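Got some structures for you, see below.
Look at the two complexes coming up: subunit A is in both, with subunit B in one and subunit C in the other.
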Partner chain A sequence: MTDAAADLTDDALLRVEGLEVHLADRDGLRVVRAVNGVDFTLARGETVGIVGESGCGKSMTAMSLMRLLPASARIVDGAVSFAGEDLLAKSEAEMRRLRGQQIAMILQDPMVSLDPLYRIGDQMAEPLRIHKSMSGTALRSKLEALLRAVGISSPERRLRQYPHQMSGGMLQRIVGATAMSCDPLLLIADEPTTALDPTVQAQFLDLLDELKQRTGLSLLIITHDFGVAARLCDRVLVMYAGRIVEQAPVREIFDNPRHPYTQALLSTVPGRQHASGRRLRTIEGQPPDLADLPPGCSFAARCPKAQQRCHAEAPPELRLGDRHTVRCWYAMS
Partner chain B sequence: MNGPLLDVRDLKKHFAPRTSWALIGPAPVVRAVDGVSFHVAEGETLGLVGESGCGKTTTARLLLRLEQPSGGHIMFAGAPVEAATGARLRQYRTQVQAVFQDPYGSLSPRMRVRDIVAEPIEVAGQFSRKQVDERVQELMALVGLSPRMGSRYPHEFSGGQRQRIAIARGLALQPRLIVLDEPVSALDVSIRAQILNLLQDLQERLQLSYVLISHDLDVVAHMCTTIAVMYLGKIVEMGPSKRIRDAPQHPYTQALFSARLPAHPSGQRQRIRLSGEVPSPFDPPSGCRFHTRCPMVMPICRQVEPPFAAAAGGGGVACHLAPAALQQGQRGEAVLSD
Partner chain C sequence: MVAYTLRRLGLMVVTVIGVTIVVFIAARLSGDVTYLIAPQDATPAELARIRTELGLDRPIWIQYWRFIEGLMSGDFGESIRYRRPAMELILSRLPATVQLAVTAFTISTVLGIWLGVASARRRGTWIDDLIRMGAVLGQSMPNFWIGTMAILLFAVVLGWLPTSGRDGWQHLVLPAATLGVFTMAAIMRITRSAMLQTMDTEYIKFLRVKGVPEGTIIWKHALRNSLIPVLALAGIQLGNLLGGTVIVETVFSWPGIGSVMIEAITNRDYPLIQAGVLLVSLLLISLNLIIDLLFAVIDPRIRYD
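For the complex of A and B:
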């Protein structure tokens, strides 16, 4: 683990060290390095965003924490400690007691999280029945209170309805309410607003913000959108090809991005770049094949600043400031 | 050419359910598009924005004549096409093409890229094998794909490359207007910029007109000459892109643009929160359709539908509060100025 991360660990709720996840290729011959040595910590009450593009390993990292990886994926190395306990050493039965209780998750599409054949009330009740042994009137009034807390009116009626009777924004709020039902310490949200309209997205992010303020939970948000990070996060980790290439407090990431990939990502988004010209900046090329990673920096092939050294040697994690680290040989220049 | 390339007037699409309601009463009708008017000049881009269910995609389908309008007119290059059939409809459809959101769903997985791009040309007929091949090569080069890739299948391409293939196919018949329905929403951030740049380059080179539908207001503001904001089947505000973004006048446009994510952690916008949900299009509210959620609602809004009047700074707005509308006196019901 790096020094930079070590400084923050006094209050760490979650600590991930050297996490490596491999995926077996369909023919089993090639090893896809989906997560390739990831270290980070998450303090109590902190909101951290993992930002990156498809295939960078951000969702695999999140799924590793829940121990919900697809069958073809394996955690081959690393350690994950949560509230002082080693998550990777837990049995499946122990994990089931944690999931939904101490660690909850919200996925991108609420229709995936909810079963179309069950009433909202029955689905919301499940974690409370299992983890808190609640039932009857106490359960019902708890569910109604949860719905009210996420801004859903006439909860008695909503609890009897089926998912198809509600809008996407309302369903995502229900998923959020369910995730919060057992007062988790950690909420992992994987692209929680990508499927929503902008107005509904803004409402849902407000809701997350409010839940965070009220309960003091830690929030890990997986997103491709720097705007989501700007809205909600205290700290940002930028991932590329299975590695964290830069991490810093959110303002530092926006004001002083040092990795060429972070810089490029920030400047490709319309309306968010400094120049107001008609052409957007682009990142040429494609991310590397994760089954055949180059020996050097994995961004070197697309990097405008790459030198010979970048192609030959992978850069270590450099510490730039108090809480700012970057994997780039030329981040100081 | 005089006049705009595309001129849409009072366009309507009402959907009636197929089941018979004869015994219960008149069938409920969804007024998905309820009288929209706009025009698009050659080489310009019109953006259609609004929340899910506002009618923007139905409007696009009407322009493509994938739906039959229930009323109104679509004038294309000066000729009405809303009721065109047979050869005239086929002719129109060569001039207007579409690129959709999901490049995984819009390309046949069983066809080689070369054949996907060639298909519209072959369907149009009148070209030799050799001419078709040449045109395919030309199109692939135009969208930045190596013509050598023509023998591959769509699954061998990344999302961004697939969207290039879809664009090449859309350009095959040299259309004058392309309807872009969420063309970059499914793409990664770094690829998104490449495709948006490509669309702008093609527009300049080929003098194309675009109708762009997107829920990403930053993309729309970047790409469009004009933005039209839709709510429950109507255009509530329209105007030059910059004016809509920087000085929106309709409370709905203001709320929509205030919901954009901040560009910087310090830039938390003053959000205008809308109460409630979009009302059912089966039974839209009386008067102004936005009055049930409008933070500035007045008594008149519940009764009288605001006219679409010229707005200061260009374009127009349908709101009783808009200053320009007030100045124009609103004739009949102008009790406000006295």
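For the complex of A and C:
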């Protein structure tokens, strides 16, 4: 854990309050509550992980911060402030100047993150040309330096190559270097290692860690993998059905998970609790229909500890110590 | 790229040889020309004399060989009806057809791509609906009807443009527009669907994330990535335009290759048919080569294959 994480309340780079995102489903008749009242902060230099199953709203939350939601989605409520500015009040032109410059992002699959028709150099240069008006030899040497910084040798040659001539691991480094090119304050990484081979995954996580240490940027990691969170994060937010159901420092989450969903997720991590050779555990049941959420706790239907109250009333956020919160009626006991 | 070009050129030679065989046989399948030129009461001896004169009494492969020999020395034979070199007759009419087809093609491709992009960008809005409805109309109205209506409106009622003939650029407007409507609609539709597919990719998302302006994303990245199917269709359409001007040429009395070819076929004028079809085929094959090479220019994955 870094020192910056300790004073998150004073020095929040990003503050999200009551964020709600609605999606119109195919027939446009039902409202899908993809993100359903999300609050969190991210301090300067802090690394936070949003963990949850697919469809829980973690990527929607991330894309809301970029204001790059799909056409069917809309932010209907909430506030997002970044470096003291209201992101939801900004015009599209202002947002565009922010993207790639102050808030950068890397996507899940590096093999398809780059335009197959342009050279690596052209694509890496775009943010620097657009945001920093760089060109000529200054641009060229900056690009070479960026590639060297992510451990890619003979950058002159690599810059002239096309995406299809490179491996997934190398492309992810290039995507990372592109994202870092304008020295952003915040880097959002959406499942940054899911599409990579296990050995390459570890290397890329090391690289992210190193970038973080060197530049002091804040990192928001979207993942379904507690292993990734454990490796990089200071704090973890566990999301379920569009809500944050538990948040705590990473050690606390592993040592003292209070929400039954967090406990269930942790028990599915291979190599934890279970002897090798046993089958991976999965969580019974399906997440609720986001267009038809139950009145009570949205995890109640799958929860082994659910009582009558859980099905009837949504639990409030309980504070368990100054940096650990949980939404569960029975987390106290 | 060199290997790719050579491979395409090799294929082109094979195609040309194939075309000569097909044209040669198809022309003769239209019937025996002898009966058309001989007087009605001609005796078998007279018919045989005409056949010998035209070389039609020889075995078919000898006739084909002489046809190829002629081609090698640039001799496409003499029109049976006009008694003039076939190629000369075709060449005197070809420029008008090429002018018409190329004008129609250029305008309809540029507009079709532009409308396709506009439609994809405004997916689900009334502009998208309007453009798509126009495309359905454009693809379902027959040429001769569009041409007649265009003459009625722009030449007869409004008097802006001439009804027929080939003189200045004013004469080109209506026939080119009529000929291009179908192609424009087809290009628009394929551009729209290719753009929608491209806009949904991760690399377009990553461009947005980098803060690249929307105009650059659309015209530099998304359109280029959508261009392969558009170009493939454009190649086929150009062939249809060159070979399919007959109707439009008739409606607008455009002095192109169409009427000559129809006449040649009804007269069973083998050398004229052969010269006409061969020339249009050569033109098409060369255009297809250009399009194949453009694929490689657009997409490095084809170039480096």
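Here, the second predicted complex is superposed on the first by the 316 of 333 C-alpha atoms of A that agree within 3 Å, B and C clash if a C-alpha of one lies under 4 Å from a C-alpha of the other, contacts with A are read in each partner's own complex, and residues count from 1 in each chain.
Everything below uses one rule, namely that a contact is a pair of C-beta atoms (placed from the backbone, for glycine too) under 8 Å apart; a residue touches a chain by one contact, two chains touch by 3 or more.
Because the structure is predicted, anything quoted here is derived from the model rather than measured.
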Exercise. Report clash or fit for the pair subunit B and subunit C bound to subunit A in the combined superposed model.
Key: fit
Exercise. Please indicate which partner A:54 is in contact with in the superposed arrangement: first for subunit B, second for subunit C, both, or neither.
Key: first
Practice problem: In the overlay, answer first, second, both or neither for which of subunit B and subunit C A:136 touches. | Solution: neither
Practice problem: For the superposed three-chain arrangement, provide the angle subunit B-subunit A-subunit C between C-alpha centres, rounded in steps of 10 degrees. | Solution: 70
Exercise. Classify the contacts of A:282 with the two partner chains as first (subunit B alone), second (subunit C alone), both, or neither.
Key: first
Exercise. Examine A:227 and indicate which partner it touches, taking first as subunit B and second as subunit C; both and neither are also allowed.
Key: first
Self-check item: First, second, both or neither for A:162, with subunit B first and subunit C second
Solution: second
Quiz item: Just subunit B (first), just subunit C (second), both, or neither: which does A:84 touch?
Solution: neither
Quiz item: So after superposition, what is the minimum Cα distance from subunit B to subunit C, given in Å?
Solution: 11
Practice problem: Using the touch rule from the top, collect the residues of subunit A that touch subunit C in their complex. | Solution: 66, 68, 71, 96-101, 104-105, 107-109, 112-118, 126-127, 130-131, 162, 164-165, 175, 178-179
Exercise. State the interface residues of subunit A toward subunit B in the complex, per the touch definition above.
Key: 53-54, 167-170, 197-203, 205-206, 224-225, 227-228, 230-231, 250-251, 254, 264-265, 268-272, 278-283, 286
Practice problem: Name, in rising order, each residue of subunit B that touches subunit A in their complex. | Solution: 51-52, 158-159, 188-190, 192-194, 196-197, 200, 215-219, 221-223, 255-256, 259-268, 271, 273-274, 277-278
Quiz item: What part of subunit C is in contact with subunit A in the complex they form?
Solution: 123-124, 201-203, 205-213, 221, 224-225, 298-301, 304
